[in-house]
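For reference, the structure is listed below as structure tokens.
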Amino acid sequence: MNESKPGLTITSIALLVILFLQLPVIVVVLAAFSTTSYLTIPPQGLTLKWFAKVLSDPVYLDAIRISLMLAVGSTAISLVLGVAAAYALFKRMLPGTEALTSFLMAPLILPSVVIGVALLQYYSLIGWRGSFAALLLAHVIITVPYIVRSALASLAGVDTSVEEAARVLGANGFTAFRLVTLPLIKPGLVAGALFAFVTSMENVPVTIFVASAKQTTLPILIFSSVEMGVDPSIAAVSTLLIVATVFVLWLAERWTGFHRFI
Amino acid sequence: MSSLKLDHLSKHYGEAVIVRDLSLEIANGEFVSLLGPSGCGKTTVLRMVAGLIAPTGGKITIGEREITVLPPNKRRIGLVFQSYALFPHLTVFENVAFGLRRQGVKGVELEKRVKDALALVRLDAFGDRYPRQMSGGQQQRVAMARAIAPRPDVLLFDEPLSNLDAKLRDEMQIELKRLQRELGITTLFVTHDQAEALSLSDRVCVMAHGNIEQFAVPEDIYHRPATAFVASFIGKPNRLPGKVASRNGAGGTVEIGCGLTLNADRLDVAAGGEVELFLRQEAIELRTTPAEAPANSIPGTVQLRSFSGAHVQYVVRIGAGTEIVVEAPSSGAASNLEKDASVFLAVAPANVFALAAKGARS
Amino acid sequence: MSNWKAGVLLFGPLALLLFGVFLVPVLLLAPTSFHEYSPGVGIVANSWTLENYARIVTDDYYREVVWRTLYLGLGVTVSCLLLGYPVAYLIVRGPARLRLPLTLLVIFPLMLNLVVRSFGWIALLSNRGLVNNFLIQTGLIGAPLKLMFNLTGLMIGMTHIYLPFMVLMLVAALQNVPRDVEAAAATLGSSRTHVFTSVTLPLTAPGIISGSILVFVLTISALVTPRMLGGPTYKVMATLIYDEYMQLLDWPSGSALSFSLTVIAIAIIWASSRITKCWAGMA
């Protein structure tokens, strides 16, 4: 039965579209190694000077540090709070599970820019503007839905009697969760945490309203630099981000085979 | 090792009563089955004993310890789940070691006790495997080893054999019985399979609608059902509608149409009441001549014969069109009747059970 | 029962956080949107007005931005659908060994920083960008084409950004189409095209709808790509909100726009879930 196999036309279109998806990545990497400040095909010459410039520039290094601190911190907090809340929802410990789930997912539905301006006004009102903790909490708000969603999906795949078996065999509630349920939902949580990390790492619409000038994250730095034109050092720092992304994806895939959870 | 005592145990969900004021005592080392149709409350009872559901009322005691409000991890029970509930991320060894580790057993002692438990279920060589690498029957045995390794006071089984195919189920039944006798652990076994309950248990507790219908040794459950429900649930009964014609002491006579009547030794319905009759296939004798009183004797015609090895099943038509299934031993006199043969059904009045029509039934 | 207590302990911290740092801030936007703003003074206290909302419907400039936003959303959705379907089809129905690499190539841009992707498009589309340079070098055009700061640039960039979401949705939908049904249609004499239009397409309709809704809502809410590829002059609702807050400091007007954007997004999500439910009821 050959009828439902993609033909040559479909296959070529699909491959072209997939090439289109990779196009900006290729261009950014080329620009980062190019000697000229604008791009040509073929590149005029190859150089590593833009990388050297980025890695010795305290502005870029600070931005990278702040971005990593925010991403690691918000992912960790989201994991703890999100998994705990998802577990309570999954076990139907509270009435109105459906409504509570929608509440946790609400930050995904609202346009980020709206959350951003809401927090700008709120933080100004209560005097939290410029505080790193406030920025971190804002990132928890936008990352936690990914954790809750992946935790709920993973928990739904776990046979409830497995945890009961652990309880009967002498484990208290927390031990049973730690030794049995947690290892079983780990692959899903890794995928969720990865999404959360990436979301925090690339966020502009919320961060730009909440962060002070001293809290410039990497995406904010790139976002505001391009208004002054295409600078190859932006391409270099972007390339570093691309390499980091590939590495993290590869690590996660090796660790859990997470592509099954996307 | 200890006895298990359930004292006026009940479970309500709002208006719905799942278990009603149930009392049961299982002696030390005894094997008791809870037998009943799905929804009769047997699994709820087991889960209350395990501490996975909190009872609405009543008391649960193991030996001298009252455990009614204890969390499951403090009850010292072993539980074998219907789905086995093995830990998929742990090896067989670690599965069995799980309960022992919770008791603080370590090192050589741990190793020895896990090995012993695995040897009991004849899986000594499988410690390094993961559950998914094993067959259903092997997983079942791991689940048993895991439950017995911590030496629980009471062992609970929740339909443990229902996921196995028929042949394996028979083997596991024998294995389970051998193991329980060997260890002498007080056991509560939940099942909807009457053959399983009758063959495994010291005593069987038949449940319906959250109540105990009968709690007795298997022979009594089969031959002397205490209630009409037990009679209708145990064995392979034919069901026929009837009407009580007259009462005679504890028993009476029931009309089943076309002028046919059946005498029953026991009848709980007044004269004129509608009843449903239960005649077990294997309790009916097929004869070519009428049976003598006090046995009931009903004429009929063979419609169908079906040979199944140890037995021959006949579909016999009586009266205007009622069909009765009869199971005869294939070595007996009535093993080779042709279609359309005229026969008589002989049933002792003690084997005629009646239940008020539209009354409580599965 | 202690179950309830455990539930509060587990759920409480996150609920409290969302209440304090999400729900209350968003609700506090509402009063602001009804205040008057006067340039140089700021928010006029004790002034209540519907002007901020009225302006969105009556003012030509605001109307243009709103229509542009919706138009862009529609355009990006349609092009994502047209480009995404062949990719999803190849992933699901193509050779099994291509499946993982193709899926990873679709997911990879998604995991990549949004700012980086948008920057890549600037490097491609700007006046001295790769595309224009290439076309001028080869002599195909004399002066650079205007590919940025207009609808073309936004369409290209945002189609690229949201295409992976559409592909993943369509892959999920296609996987749920039983091969036997297509085979049955084929054995009944349908041509390949007819099998596709009469069986495959209707069966993937729920995926098409949910993918389209997702892309549409993401597009109209997007700030980063429109700002980077549209610049400070070619505005959509999100970038207008950004300017109202950060440049003009007209918070009342910005919050009114924010609420309008939220209402549009939620209305579309709500309507689509109603439609999907009706469909599920019919099936």
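To keep things simple, chains are lettered A, B and C as they appear, and every chain counts its residues starting from 1.
Everything that follows uses one rule, which is that a residue touches a chain if its C-beta (ideal position, glycine included) is under 8 Å from a C-beta of that chain, and two chains touch if they have at least 3 such contacts.
Every value quoted in this text rests on a predicted model; they were computed, and no experiment measured them.
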{"item": "Central chain (by mean CA position)", "value": "A"}
{"item": "Most distant chain from chain A, judged by the mean position of its C-alpha atoms", "value": "B"}
{"item": "Whole-Å gap between the CA centroids of chain A and chain B", "value": "55"}
{"item": "Gap in Å, rounded to a whole number, between the CA centres of chain C and chain B", "value": "60"}
{"item": "Intercentroid distance (Cα basis), chain C paired with chain A, Å", "value": "17"}
{"item": "Multi-chain contact sites of chain A, meaning residues that touch two or more partners", "value": "173"}
{"item": "Chain B-facing residues of chain A, complex", "value": "159, 161-162, 164-173, 175-176, 179-180, 183-184"}
{"item": "Footprint of chain A on chain B - complex, ascending", "value": "50-52, 71-73, 75, 77-79, 81-83, 85-89, 98-99, 102-103, 146, 150"}
{"item": "Chain A contact footprint on chain C (complex, rising order)", "value": "3-4, 6-8, 10-11, 13-15, 17-18, 21-26, 28-29, 32, 83-84, 86-87, 89-90, 93-94, 100, 102-109, 111-124, 126, 128-130, 133-134, 137, 160, 163-164, 168, 179, 182-183, 186, 192, 195, 200, 220-221, 223-224, 227-228, 231-232, 238, 241-242, 245-246, 251, 254-255, 258-259, 261-262, 265-266, 269"}
{"item": "In the complex, chain A residues that touch chain C", "value": "1, 3-7, 10-11, 13-15, 17-18, 20-25, 27-28, 31, 38-41, 81-82, 84-85, 87-89, 91, 93-94, 100, 103-104, 106-107, 109-123, 125, 137-138, 140-141, 144, 173, 194, 198, 201-202, 204-205, 208-209, 218-219, 222-223, 226-227, 230, 234-235, 238, 241-242, 245-246, 248-249, 253, 259, 262"}
